[in-house]
Structure formats: C-alpha cells, structure tokens
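Labels run A, B and C following the written order; every chain starts at residue 1.
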Amino acid sequence: MIVLFTDFGWQDPYVGQLKAVLAEAAPGVAVIDLLHAVPDFNAHAGAHLLAALVQAFPAGSVFLCVVDPGVGSPRQALVVAADGRWFVGPDNGLISVVAARAQEARYWRIDWRPEQLSASFHGRDLFAPIAAGIAMGPFPDDKLSSVAAPEVSFDPTDLARIVYLDHYGNAWTGIRGVLLGEVDAIELKGQHLGRRSAFHEAAKGEAFWYVNSVGLVEVAVNRGNAAAQLGLKVGDPVRLTSPQGGLH
Amino acid sequence: MIVLFTDFGWQDPYVGQLKAVLAEAAPGVAVIDLLHAVPDFNAHAGAHLLAALVQAFPAGSVFLCVVDPGVGSPRQALVVAADGRWFVGPDNGLISVVAARAQEARYWRIDWRPEQLSASFHGRDLFAPIAAGIAMGPFPDDKLSSVAAPEVSFDPTDLARIVYLDHYGNAWTGIRGVLLGEVDAIELKGQHLGRRSAFHEAAKGEAFWYVNSVGLVEVAVNRGNAAAQLGLKVGDPVRLTSPQGGLH
Amino acid sequence: MIVLFTDFGWQDPYVGQLKAVLAEAAPGVAVIDLLHAVPDFNAHAGAHLLAALVQAFPAGSVFLCVVDPGVGSPRQALVVAADGRWFVGPDNGLISVVAARAQEARYWRIDWRPEQLSASFHGRDLFAPIAAGIAMGPFPDDKLSSVAAPEVSFDPTDLARIVYLDHYGNAWTGIRGVLLGEVDAIELKGQHLGRRSAFHEAAKGEAFWYVNSVGLVEVAVNRGNAAAQLGLKVGDPVRLTSPQGGLH
C-alpha cells in the first residue's frame, strides 16, 4: 500500500501526475490518499499530523510524504524505515517526528536522480519512483546511502498548538490524548474548554475538547464550526489545565 | 463495488483512513467516491440525495453511508438490502428513503463491535469492516440481527426543498422529475422559474429548472451560478406551479 | 490507463458516477484523476492546460476530457488519436490544441448513442463508455466515423494569458517555456516580474516567474499566494519582455 501525504491540495493536477507515475511503476499496488491538505509549506504541523495518522496503517505501508517548500534547493531527499513502515520525502523535518517516536528507525539519503528532474516537483520526479520501488521490491539499495540521522529534525515532544482545521471546523492539536492523564480542561484563545467523550455529550453549539479518532486532543463544537466560532487558525497555542486549576 | 457516500469532505484525512481499512479488508474490490459533500450533519438531505443517486448502480453494489452527527450516542448501526443493493450506515434516517422507495427491503442491526471502537469515527471502525465483509462475502450473519424496520425513518415522499448545491452553483431539489406531469414552473425565493430541457436552451445568465441527470428537479443558470444569483442555500423551500397557474 | 480531465469539481457526485461506469465497463483499468478543476465552462483555457499536461503520459493512455457547456446542444462528440494517446470528449475545441500540436493526429465523430442519454451529463452516458471501449479494445469502429478535422478548433499557438490558478495561488500561463529563448521578464497587471529557476531562489514574499513542472511559464510568490498578492484571475493577459527591454 502506498499512502500519499502532501500539501498538494485536491483540486490541482499535482496528485494526478504523481499517481500516473505510481500506476506505471507500481501497477496493482493500492494507492491511498491520506491527506493532501497539510497546511501549505508547513512541514512542522505536517510532521505532527503524520506521526498521529500512521499508527493505524499496516507494516509494509509506504508513505509518500511531500511538503516541500525547499524543493530545488540543496535540501536532501530521505527514506526512513520506522517500526516496519516506510517513508519517502524531503529531509526537512517532515518525517522526523514519526521516526523519533518509533521503537526502531533507519535512514537513507536518496542519491539517485532521474534523467528529467524538474526544479519544482520532486514528488512526481524523485519521491514517487523511489516509493514505487520500495513498494514493489526489492529494496533499491543502489539508489540510496545509509545515513545515521536526517539532516533536519523537529522536537518530537507533543506540540501544544493547532496543527489542522478540518472542513467541519474541528481543530486538531499536536497533543496526544494518551499522555494527558488527569488534565480535564484546556485554554485556547483565552477560553477554558471542558472535556467530553463524544460530540453528543456536548450541548448543541457548545465548544469542548475530546481525544479524537487518531488519538489527538481536538477542539470541536457540537453541530457547529469551532474554527469559525472561536476564530482559530493553524499555529494557535493551546494550554493544558490540571484538575487543581494550575496551568502546565 | 463499494460506493462511499458521506459528509467527510475531500480535504480531510477521514476518507483516506476509511479506504485504508477497505484496502486491507476487501482487496481488489473497486471503491467509488460517490459523494463526500453531503451537507454536513444533514441526514435528511442526504437521504433524498442517496435515493436519487443509487438508481444507476448495479445490483450487488455496497453503499457505505456515513452522515453521523450522533456518533458515539446510543443510535443503532444498520445494514439494509434494497432492490439488490446493500447499504451500511447509522440508523438515523439516512438510508430510510431509499429503503422505503424500494420494491423490496430487508434490515439488520449491527451487533458486532470491533476491539478498538473510537467514539467519533464509526465510519472507519465499524461501518467499513461490515461493508468490506458484505462486498467480499459470505454475508456476515454472525455480526448482525435481522430487524423489521429501522429505528429512524424519514417521510419518503419527495422533498420540496434544496438538498444540494454543486460547485457550479446548481441547486438540486428532492423532487423527482418523473412525478411532475404537467408542472411547468417552480417558485423559489419568490421567483417563478420556467422549464428548459437543457442548459443551451436558456439564455446566457437566465435562471431555469430542468430534470437533471439523476432525475431530480434542479435550478440552474446557463453559464452562471444559480446559488449566488438567487441567494440559495440547502433547505430553501420550492413550490410547484401547475399549468393553470395554481400552486401545489 | 484512463485519465480524467474535467471541470466537474471534486466535491460533486459527477466524478463518482462517471467512475462507476468505468469500473463496470473497463474493470481493472487504472483511472487517474488528472484535473477536475479546469476553469468552469472554459474549454479554451482547458485546451491549453490539456496540451501541457499530457506530455508525460505513456502512449495508449485514454484521456476522458469533459468541459462541456454546450451539452445537449447539437455540438458533435469526438475521438482523437494524437501521437499515440487517445482523447474522448465534446467537439468544442477542448481537444483541438493538443491535436494540432501533435506530429500525427486522427479524428472520429462519435455516432453511437446510448439507450439512456441524459441532456446534461454526456461525460457519464456517452464519453465514458467510449473511453472504456478504447481502453479495453478492440477499437470501437462501429460506433465512430472517421472525419478529417474537428468542427471547432482553437488557435494552437501559445496563449499569453493566465489559464489556471492553483491552490497555492500560483498562476499558470499558456506559454511554453521551451519557446521563450532569451526572454527574461514578463509583465502582468502592470508589474514586471523577473525569472527564477526555483522557489528558493526568490526572497520570501517575492513575486517571480519560472518554467513549471509541465513546461509552462508560471507566476509565483515564494511561500506566498501570487493570485491574492497580484490580484490575478484566469484570462488575465501576460506580456513577454525581451532582454533589450522591448515588449513582444
């Protein structure tokens, strides 16, 4: 299974061109569009989203990850093996959080370059052929060099900021719910929000937070739009409130 | 063929997670994205859209239908067989119109629960595995209980309201054209609109109605945006005008 | 490989209905969504986009092209073979630029009509079955008549206008970079923009142009939104500036 994780957007012809390469180079392999709406150019938010989203995918999945504002610059190209899953993309931190949190991670630099390499679309020209090669096997050793670590790494601890706004207006944070323990309130844009276990437990129009289906703290409004109601945007900071009322 | 019908939107990571489950549980089965833009949380509009859209699909198609604002509440989970097609989704009325209009319908409650059931994403955790099981066969009797009827049913008669706005600005109603007989005008937002058989029969910029490609009365503007021009939104009522000038 | 190129948009149920037809009529054939955001009703911009986008696709690819504001009118339906690739769509100019630029092109009128032909959705009812037939083979001679030329043809020379705005705000023109020679500046909305080879060569927030990954002149802003910053829309004219300062 090849899984796409990009900021290409759905409406543009970028995803289709990339899939045409995969269809030729990895015929019969399932291709899953996981997310093409990583906040534009935002490898940092993307790194935390990716780390949360991959957990449900089977070993052997190949993630083609492209949030690449430095395309065409000397930034390196990377392959990562982390807990049995594969990741291919730019060495700009995007893959670093999922790798740092894994029990086991290995890294390779992509040395190979295609005959025709555009200056602006390495997703299609460089990363897709490598991802297809890994999915089809054998592992393309001849195109890669083992390295000890990526060149760019983000802090892998939880990110207490909004990292994604979905189309309902729900706001995902980079905080994993499993680590929260006794925390029962969060502060966001000056408002304290209580915890609910599911949407129907909140009154219609009430803002709350819960641990969402990929394990992240998410701010939502029951049958409403939290982003609009609270004026949220990606990057807004979130504070956790302990039961004693203190703030972390 | 598994057909997806949801309000998940395209940009979010929900459809991809659901497809990853299907790719694992029903490998090789074609998955068709019919609609992910059912008006948010609006099972009523969705029920009328679904009933219109399924008619062209072959017997044996499995529709995975998720418009589920009550997810995590005690609402039941449902499987319906209607005129040879299968439907899997929440028991909140969403599947009730297509079932009530069928020549023959049978109903099952989903008793099975997965080991890991999130509070907010039954599409991925509960409905997708059941839909995959039905598509692959044999029919998962052991996970279902036959029931006489759904718990929630909407009135299956035609809905004289806007149920969908497409990206061109065309407005779909819940009224089936085949039932209209001699009606030749409709009233919408205080305006009377005439009937045309196709777009090119209207003047450029003229608002009109016609029976669209899934058999519903649709309000449109030739080479224009009816929703913007007439100020339309989902839920707006529509009135039918008889040839004698009376209103239904 | 069947490649979809339309103005249907992603959110609406049109693409899914069309894919359901393809899944039935061409099972196992890969279907690639290249673009569903051709500017609405704009066959002229679409023709130039199509000509640029097809170059990377392998011989034998079948392009299902639908930008069809005249659907239901007497406009003809067309099949084109151009340099080994196939094109199916309305005879309204949409396929004419790629055909005129090909080394070799042949044309057929589609005579066949399905039993059920809607007045507004020939993509699903007429073009998809023909595209599926060509992809599966043998070539459906019995449904086509060879013709010498399309009824509607656009000027195939480069189009010095904005033809597409992507979701980052980058503006594609219809000018092929390979033809530019010594040109090093363009004028757009009264501003002169310099050439860069890639995004990272521009300062953050700087507007520039470059030859994009499909070979077209594109106006962009590094880590910014050119469409918003410069107030661009599809159709805006572009002027090329020679090194001597003269304007073409």
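Basically, a residue touches a chain if its C-beta (ideal position, glycine included) is under 8 Å from a C-beta of that chain, and two chains touch if they have at least 3 such contacts.
For clarity, every value in this text was computed on a predicted model and none was experimentally measured.
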Graph separation of chain A and chain C (steps between touching chains): 1
Chain B and chain A are one sequence twice: same or different residues at the contact, by the over-half rule? different
Here chain B maps onto chain C under a C-alpha rotation whose angle in degrees, rounded to the nearest 5, is 120
Round to the nearest whole Å and give the separation of the Cα centres of chain A and chain B. 31
Can you list the residues of chain A that touch 2 or more other chains? 9-10
Would you pull the chain B residues touching chain C in the complex into a rising list? 1, 3-4, 9-10, 30, 32-37, 49, 53, 56-58, 166-168, 197-201, 210, 212-214, 223
Which of the residues in chain C end up touching chain B in this complex? 9-17, 19-20, 23-24, 27, 40-41, 69-73, 118-121, 124-125
